[in-house]
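In what follows, structures are represented as structure tokens.
Shared between the two complexes below is chain A, which pairs with chain B and chain C, respectively.
Then we have the complex of A and B:
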């Protein structure tokens, strides 16, 4: 059985066809968690994680103690009013949840810091990269080099933990868009290699039965090896010092994205500093 | 190389190793492009080696230099059977440097290279890359460096100057000074991030030799190629190395008629050994970098002076790089521990 993790909605017939697999389920609200979990058990699938994509600010979500232990990725546009969120923090901290906020809204640079400082794991969503890269660098430095207790902010933590220097590192998995780990499936069983492809109905296969042989598919291989195209150009991202951790994700928007290169270079240096600090033992002063 | 010559080669290797039970032989498959031979050829090589080197097989290592454009799944099994775990390759992002046809179709070539590379990595082989510095790359040393290291070759990156010996492709030739400046632009970055880019030649070997006290020199700088290398041409004719074969120099006869021991002890080789002593009293007298280059490759010297009794013209590049960049950036001043003059033929006899 393929190790690729399908991302799909909790549609009973589809789940029955995916029996025995580990899945990421997309649901519309936190209130549907129990229903999705029960259906998964009935259909014999394991829940890797639940994605809740809401359009309301975080303050509007109703978190419940009963959802403790259930992995949730919650996408919200912003925090909302902190005074309304504050009473929910105790429960929020108890949940196995990561809050995703987009960086194209300026307020979210502060929002992510607040969540992190309060012990709530979070993730910055770059979208097309049209963001304030200097503020992103401040956030990344805070996330990785801040010496006080705080919750991880992705994708900074992910890369800091996974970067080895001897390979290309892709942080797309943080957003379920790494085709070597996740595939996206619609109710009819059409397979796409990213959430955007699914939305655009760009399918790599129209048949769910192809899931297990997908990694042998030439188009799939082309897609996961898409990094190769940067090395066929006489200029561009492959010539950037930090390509190995960004893999040209913001190439399409390079004109509007002068800062991406500077950001990822700094990111690379901070990762290396983080890894040194992590292995360094504290040596107390000796007389 | 026809299979009958290949068979003789393995017989000669076996004969030599049987006589020298403490020695090993490394067979380097080189071209042209060795993969043009096809996967079946390498399967035949596996079979011939098994047939003729039953007891000496553990002392035979294989490595290969290929441009990877022909590499596919069919090579995986014979390569593994030959014990090849890593390949040497070469690549140039500059358009029209490498590629087939009159127009040097680098788009086609580079696409084939990258496909071969992916297949290679998928099958768990390591690889290293030789990059040849040309005039076209002189204006973007760091871009080229990042490009090559972004490919994250497990075996590292080697930055060599292009060697042009005639008027063909003078448009890409570089001087020793050009090469020094190219390396000099990269070195401070490499030094700062040397844990990020571990295997970059010539930087890492210089650090090993100058700072860490580990002797690590390539064939051209080692001063010890004299009795160690044999180039075997497709027709079985032998020479010192690929370059000497190209120029019709240092020809040692055919493997059909001579044993490897006879070839390794050919008296013409003594000229190279003599060169080591001669240079110490002449071109290289008093040079504090002798231990790091030994006058450079004898063939480079020959290309320039039509005699082995000179240091290589690339001496300036090595010395210039160390004094102008390596020492100031690292803060380490190189002082050699003078090595004894080599006398190595006796050991072979």
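Then we have the complex of A and C:
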């Protein structure tokens, strides 16, 4: 059986076809968590994570103690009024949840820090190139080198933990868009390699039965190795030393100042510092 | 939280940095000052956040605030232990300063709603000051039975209204006229920094010791203010003196050590606010610090530049 984790909606017939697998389920609200979990059990699938994508600010979500232990990725546009969110923080900290906020809203640079400093794991969503890279660098430095303990902020923590220095690393998995780990499936069983592909109906296969043999599919391999195309042109990302952690994700949004390049170069330096600090141990005197 | 001469407000990012900095330094007290901190658009949210971080919060306020802000403050304070959120309200004598009726009413409204959480403060800047109205407020609104007393010190190179060293003894003499009032209203006086020990007699000192349990001191040292732009300075009168960035330090102790060292250099040049401070045994033993260091620094700025470079702005 393929190790790829399907991301889909909790559609009974689809789940029955995916029996025995580990899945990521997309649901519309936190109120549907129980229903999705029960359905998964009935259909014999294991829940890897639930994705809740809401359009309301985080303060509007109703979190419940009964959801403790269920892995949730909650996408919200912003925090909302902090005073209205604050009474929910105690429950929020008890849940196995990560809050995703987009960086194209300036308030979310502060929002992510607030959540992290209060012990709530979070993730910055790089929607497109509309990012204040300097602020993103401050956030990344805070996430990895902040002087007081705080909850992780992704994708910074993910890369800091996974980066080895000798190979490329892709942080798309944080957003369920790493095709070597996740595939996206619609109710009819069409398979896409990213959430965007699914939305645009760019499928790699129209048949669910291809799931197990997908990694042998030439088109799949080509997509997974798409990063190679950057080195066919002797310009831009091909010359960026930080390419190995961004993999050209912001190529089409690159501005004249190469803001993304400066950001990711700084990111590499901070990761190095982070890893040194993490592995530094007390060295007693040596005989 | 806000710059007095500008409109820059403390950002969330900087607030979180300061909170981290203080907690990493083992500090659990967070004081919010201004300007007027309650004017910050995120004041209520900041307080809620800092409470979530388990700080004890002290808000220095004039007590003059819009009804909506007051409602927020009352809402914040409900169900909270007093020590988690305290307001230090610095008041001026309404009669001596011709305070408008609207402002007086606003202050009274504030004291009425937040009484037990409010400790009064009073800055003395003239010899004929009156404290009666403060006792009256403490009694009427059930405020905390303490009164923080400060002297208006000079701000080097600024023409602020301050008390000259020659007047400090007269001010202290007047202050001790109120000993009976302090006792009758059970209000404990607390001396802010910059009071010289030689300004009080042994009898007054004995009363002070007996009445406050020796909690009033004669100190002058860095207390550390942090601006919205993360600049740091040793105290309000020295807000232009050796300003640094908080990012230059790793802990609060480092900041305090930095400014203590500069204070020591200043005191090598001049012992204190009086000439006698130079040979004073009490100052040498650290029982008194020789009054506010801002007096000496203000003088250095207008004399020939012959002293150690650290003493200049």
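The working rule: the second predicted complex is superposed on the first by the 278 of 287 C-alpha atoms of A that agree within 3 Å, B and C clash if a C-alpha of one lies under 4 Å from a C-alpha of the other, contacts with A are read in each partner's own complex, and residues count from 1 in each chain.
In this section, a residue touches a chain if its C-beta (ideal position, glycine included) is under 8 Å from a C-beta of that chain, and two chains touch if they have at least 3 such contacts.
In this text, all values refer to a predicted model and were calculated from it rather than measured experimentally.
Using the overlay on chain A, decide if chain B and chain C clash or can fit next to each other.
Verdict on chain A: chain B and chain C fit.
Taking the superposition as given, does A:241 touch the first partner, chain B, the second, chain C, both, or neither?
first
In degrees, to the nearest 10, note the angle that opens at the C-alpha centre of chain A toward the centres of chain B and chain C.
110
Check whether A:272 is in contact with chain B, with chain C, with both or with neither, and answer first, second, both or neither.
In the superposition, A:272 touches chain B alone.
Applying the touch criterion given at the start, work out whether A:166 contacts chain B, chain C, both or neither, answering first, second, both or neither.
first
Could you tell me if A:285 is touching chain B, chain C, both of them or neither one (first, second, both, neither)?
Touch partners of A:285: none, neither chain B nor chain C.
Least CA distance chain B-chain C after superposition, rounded to whole Å?
24
Residue numbers of chain B touching chain A in their complex, please.
93-95, 107, 110-111, 114-115, 118, 140, 142-144, 146-147, 149-152, 154, 193, 195-196, 198
List the residues on chain A that touch chain C in their complex, please.
Going by the criterion above, the answer is residues 81-83, 86, 89, 109-111, 113-114, 117-118, 138, 142, 146-148, 150.
Which bits of chain C are touching chain A when the two form their complex?
Going by the criterion above, the answer is residues 11-13, 16-17, 19-21, 23-24, 42, 44-45, 48-49, 52-53, 250.
Under the stated contact criterion, what part of chain A meets chain B in this complex?
165-168, 221, 225, 228, 231-232, 234-235, 238-241, 243-244, 268, 272
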